[in-house]
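Next up is a structure, given as structure tokens.
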Amino acid sequence: MGILEVNDVNKRFGGLQALNSVTLDVEEGKVHAIIGPNGAGKSTLLNCFVGRLVPDTGTVMFNGQSLLGIKPHEINQTGVSRVFQTPEIFEEMTLIENVMIPAFAHRDGAFKVNFWGGVSEEGEVGDRAEAMLAQVDLADKKDTLAGSLSRGDKRRLELAMCLVQEPKLLLLDEPTAGMSRADTNNTIDLLKRIGEMGITKVVIEHDMHVVFSLAHKISVLAQGTVIAEGLPDEIKGDPRVQEAYLGGAHV
Amino acid sequence: MDAILLQILNGLDKGSAYALIALGLTLIFGTLGVVNFAHGALFMIGAFCAVVLSRLLTLSSVSIDPEKVDFLGKPLKVETPYVELWFGPEVGAAIINWSVPLAILFAIPIMALVGLAMERGLIKYFYKRPHADQILVTFGLAIVLQEVIKYFFGANPIPTPAPDAFSGSFDFGAMIGMDPNVIIYPYWRIVYFLFAIGIIGAVFSFLQFTTFGMVVRAGMADRETVGLLGINIDRRFTVMFALAAIVAGLAGVMYAPINSPNYHMGMDFLVLSFVVVVVGGMGSLPGAVVAGFLLGILESFASMAQVVAFLPGINQIIIYLVAIVILLTRPRGLMGRKGVMES
Amino acid sequence: MLALDKKDTTLFLIVLAAVIFAPFLLNPFPEGSELAQFNAGYPDLLQRFLIFGIFAIGFNILFGLTGYLSFGHAAFLGVGSYAGVWMMKLLTMNVVPAILMSIVFAGLFSLLVGYISLRRSGIYFSILTLAFAQMSFALAYSVLTPITNGETGLQLALDDPRVLGVSQVNGSIPPTNLFGLPMRESFELTMGGWVFTFNAGYYLCAVFMMVAFYLAIRIFRSPFGMMLRAVKSNQQRMNYTGLNSRPYTLAAFVISGMYAGLAGGLMVAMDPLAGAERMQWTASGEVVLMTILGGAGTLIGPVLGAGFIKYFENIFSKINDNILHQWFAFLPDGLEDALVFVIHPFIGKGWHLTLGIMFMLIVIFLPGGIVEGFRRLAQIGRRGTGGGKKSADAVPAPAE
Amino acid sequence: MSGLKNINRRTLLKSTAAVGAGLAMPTIFTSSASASYLNEPTGSTVTLGFNVPQTGPYADEGADELRAYELAVEHLNGGGDGGMMNTFSSKALKGNGILGKKIEYVTGDTQTKSDAARASAKSMIEKDGAIMITGGSSSGVAVAVQALCQEAGIIFMAGLTHSNDTTGKDKKANGFRHFFNSYMSGAALAPVLAANYGKDRKAYHLTADYNWGYTTEQAVRESTEGLGWETVETVKTPLASTDFSAYITPVLQSDADVLVLNHYGGNMVNSLTNAVQFGLRDKQVNGKNFEIIVPLYSRLMAKGAGENVKGIYGSTNWHWTLQDDGSKAFVKSFGEKYGFPPSQAAQTTYVQTLLYADACERAGSFNPCAVVEALEGDSSLPGVSSPSNKGYLFDGLGNGPTLYRAADHQCFKDVLVVKGKENPSSEFDLLEIVEITPVAQVWYEPDNPQFAGGALGTCNPGA
């Protein structure tokens, strides 16, 4: 019995069957990678987990609770955090503020009118945020504006924003897309370190190097359908996957 | 039945003005992505083109008539327009009489110049700025333009009559076989309506059937891609801005006989036109036209004594009420695209 | 001090000092001198500076922090004014209940308008607020005349009940007062050629303004204020971070509506008449102008913007040709006339033109408003004095 | 010496302050202790406040009012040809300012908004030390500023304001109106209308949806109904309307044969233009020609409506073609100074300034209470027998003998019924006077239901 259970999810956009009876079972504490060619429906699937899209049919259960029909912030409050393909951060605010906001959300819930106490008096939240920035090697930039960061730094910031919430489930949408090899390796190291924190992760990734370095289990999506599922080694050897996706790819 | 027909007719001319202004606003928004709060001012400038032309045509040579006296008992100065001196009294008088339709020819180059000057001189620096900045700078421009007009033309409305041939009204009811004397409609309003339909048709066919229009439409849909094809979108968009200015200006020229032009008529129409654009759906040209006529007619219906007796004050708020209801039930307006101006 | 950090404490104390000594500071020219017409230190204008300052501070909490551009805030000011006058008509000429009810009614009305309008964002939100405000104005002007007294504006009458006070004193309506201290009571201080007027109403406004300003600082520096800035920065990330942005924006909307109500209440406390025009969209546009001119999102900007526009409206608009001729009298006649002719369209009743041009210039060249202007000047100054030390000064700019 | 802005109200204070060797000892006064009344002029000049619409829809009328004020100040200070000072029945004015003090003035912009007008008036009182405020071109503003002046303790001489309420339910002891009002328009118009259009008429009213519209509709309706007309329908139109076609067309469908446009300013121009465009005037109803009536005319508005005013009846306070000596003198000096004849707004504001100056002279003081007493007078109009016929009677300022009635501070004088001229001889010659309705015919008692409610209160000297 997994922490995230996706059962028979279908989603249609006009004439396109984006998701076709997708069933997944993500085990607690493991890294579950979803791979597949462009347009396979990976991001659509992720969007169904965070409330951005609602499937036409099927169920998505997290910790025994349905994630369908509830709002994004409510889903997050149940313990699901997401890193986006293009970093979604607060560009006009400083790094420390960027991390404090999710820290507050974690501590105070979805809404709290706390207008009397100053941010500077929130020592505990500030410390947590600072510690988290240190974890992603951004502590020295904590007072710069997030918008001025490099793309790699922005991703790490976003990761810190998600981690400071101590999520039960972390969704990563191509965490290394567009990164240099060095940055990618840094990110893999970082993700491995997080792995030791025992957070369940679902990773969408193109880069097989990343996938096979991290994943405990892999699902392969093609044209909205899960065509294969298994341990990394099984997937590597699966001819269907080779044909649909890996054909000729450098592994 | 005839009351309903009558209110529809009544809504048409105002709806025409809304539709034309909203059409221009949408052209600018759709192509340039700019929210132009100075668009009402363009309408107003158009109306003043008619005023200026009629003043130019009535420029007069002054002679003293010793027989008559003015209000202070001094010899009366008699003014004879130059056009009457040059072309003879009858032709001259006819030219003066037709100054509003003639002003169309006069207004097209002027509005094109005003549009070009606005786009090249100001708006182009705001393509990359937030919508709020665009709203604010064009709002400032609208204030400046109307104050300039007030400085030169005063604050009171200036009567600018239609040619005699179109003054008065005709019995529309009798024409379509209803009782005579029930549905009377002024000639000029029907002219205005047909004129508006003509302009709308011209704009749509221009966009539909010319290469230029196709590029612009493609640019409205996806600016970056068209830019990648090596087509100079910016220059075409400048032309579109001038075109939108001409549409607003012509709407103003022809509206002059319906309501005497005054300096704040632009602001009066601006807010309502924005509501029209939003109701129609930001960025949708057909939406702008449909919503323009729809709101014009609705406003007309809400003004009926029977309706007002039932819902006092409804005539003053109907447009806003409709806007609120539409925005809440159909967030993108009647025909809007998803995602426009959302974030 | 005051539980504020050093920078904010300094700012607060500067503003406090400026407000306390404004009757001095804004009357720099001696009575009867040529320049006396530029004095702004008379009670009515001083009160207006503060009242519109409060209005703009409140508007800035919504617009400056969350980025939601409301074109209907004047409606809340108007509702507050009407509530205030009704309290004076029915209850007492003491301004305290009037001001309280102004805040309460404006808050309730903004809750209603905000609840509906905040279902949309961007220009759709602006149009919704505009529509509500215009509806309020149109109805106040006509159908609601029994409540609002229409075009004339709601005013006091000799036969008002005033159950906790008196209807009239010797055939006159009693003045608005604070527990017996009339708001129009003034002390005049004469020093040489200068006359300074200290008005009771002004200082009541000053107290409210400083409280409002202090509260705004707290909000800006609080976690709540941080959340509001997060709304402006990236609402989507906010939602996926487990924060519900709707109640945050609604809270900001209602708080700024209550600020507007306070401003409306103070307006009628100073001058007990509430006109419908103060609800018109152009009045909402004015507070937008103030906030932008001063600098949206900054603490002091809106106050500066409010002062700037009110000074323009009340002082600059009074300059006429005769005064110009006096100024340029030292020039040869032809030149004098030519100069007056050129300047004429921009002064006196042409002040709207000048305001429009200045507003455009600020939006084009100084998007951060007056505050950014000061900041740039300060930068130039710093560069001028310590040009060589540039690298040592490479500390990143603070967020605000 | 500075020209316009030499403010002397505080000279008394200054003189009592100890000034020595460039160092001033601060002396503190309360405003209430310093003078016997607010803004008492103590130097060689006195400051008046001219509060007129300089921006907004009535800016042109405001400009004309301002011209008249400047002319009046010139005349009162002894300049120009003296204008109506020569024809004024009271000879108290000497052409040396008021009570020997040279008149200076400050101007303000009402924007035709109650709020802005009050702000402007307050600044005149507080900053410029104005002793009297005058001007305005709408009733809302007049009522609002009048109330302010009452509270502050300043005299208010209203400009163009036609609503009954200004001297009805909103009347104030410190306020005076020289302009006529809705009731008088109705009373003067109705007989002329009945004589020209018959007593068997069905009227349809379009009324601007605000205070002035209501009182005018009521006045015209009651007067015409009194003569046998029937009111078919009354419809309120939004003040912000620019297109009235939606309101005009139902008129076509009713069986009304007269349309009354209770509109002023831009409203009147547009509604009349629309009505003519829709062919109302070419229509025959009940065997009669369809007619349009505009109860309150203004020449500046008539100009805006162009050809459409021809033959349309209305009433007006004053017109420059009047042939009495006062009017002729005023038109002459105004016309020579500015090149065109004055409007009714100009005449009212000019006269108000003269009347104020005259009252101060007669009272021997600027004290508002003394001025009120002088303007309330102790004479009565000939030809009207009524207990309320008591006030200040004067002549020679146009419109014949005129009474400032003590009971409500309303002027009673002849009212002009006019109609749009068919063949104007100049751009100013737009209205022709049909009848000068004698004052007795427009007389009413202060307790007339149209003026019910409100109280004059007592004069307030502000200190």
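Order of writing sets the chain letters: A, B, C and D. Residues in each chain are counted from 1.
As a working rule, a contact is a pair of C-beta atoms (placed from the backbone, for glycine too) under 8 Å apart; a residue touches a chain by one contact, two chains touch by 3 or more.
Note that the coordinates shown come from a computational prediction; the quantities given were computed from them, not determined experimentally.
Student: Going only through chains that touch each other, what is the minimum step count from chain A to chain C?
Tutor: 1
Student: Smallest number of touch links from chain A to reach chain B?
Tutor: 2
Student: Indicate, using Cα centroids, the chain positioned nearest the centre of all protein chains shown.
Tutor: Central by C-alpha mean position: chain C.
Student: Which interface, named by its two chains, has the most contact pairs?
Tutor: C-D
Student: With centres defined as the mean C-alpha position, give me the chain B-chain D separation in Å.
Tutor: 37
Student: CA centre of chain C versus CA centre of chain D: separation in Å?
Tutor: The computed centroid separation for chain C versus chain D comes out at 34 Å.
Student: Can you give the whole-Å distance between the Cα centres of chain A and chain D?
Tutor: 75
Student: Got the chain D residues that touch at least 2 other chains?
Tutor: In chain D, the residues touching two or more other chains are 55, 59, 209, 236, 238, 240.
Student: Would you mind listing the residues of chain B that make contact with two or more other chains?
Tutor: Within chain B, the residues that touch at least two other chains are 316.
Student: With touch defined as at the top, which chains are paired up in contact here?
Tutor: Once each pair is checked, the touching ones are A-C, B-C, B-D, C-D.
Student: Which stretch or stretches of chain B touch chain C in the complex?
Tutor: 35, 122, 125, 129, 131-133, 135-137, 139-144, 147-148, 151, 267, 271, 274-275, 278, 282, 312-313, 316-317, 320-321, 323-324, 327-328, 331, 341-343
Student: Along chain C, where are the residues that touch chain D in the complex?
Tutor: Result: residues 31-34, 36-37, 39, 42-45, 48, 138, 141-142, 145, 149-153, 155-159, 168, 170-173, 175, 184-195, 197, 271-273, 275-278, 314, 317-318, 320, 322-323, 326, 348-349, 352 of chain C touch chain D.
Student: Within their complex, state which residues of chain B touch chain D.
Tutor: 2-3, 6-7, 9-11, 13-14, 68, 70-72, 76, 150, 154-159, 161, 167-169, 181-186, 188-189, 258-260, 262, 264-265, 268, 299-300, 303-305, 308, 315-316
Student: Give the list of chain D residues in touch with chain C in this complex.
Tutor: 2-8, 10, 13-14, 16-17, 19, 22-24, 26-32, 34, 54-55, 59, 106-109, 113-116, 118-120, 122-123, 126-127, 138-140, 143-144, 147-148, 150-152, 165, 170, 173, 209-212, 236, 238-240, 454-455, 457-458, 460
Student: Looking at the complex, which residues from chain C come into contact with chain B?
Tutor: Interface residues on chain C, with respect to chain B: 67, 69, 116, 119-124, 126-128, 130-132, 134-135, 138-139, 141-144, 235, 281-282, 285, 288, 292, 345, 350, 352-353, 355-357, 359-360, 363-364, 367.
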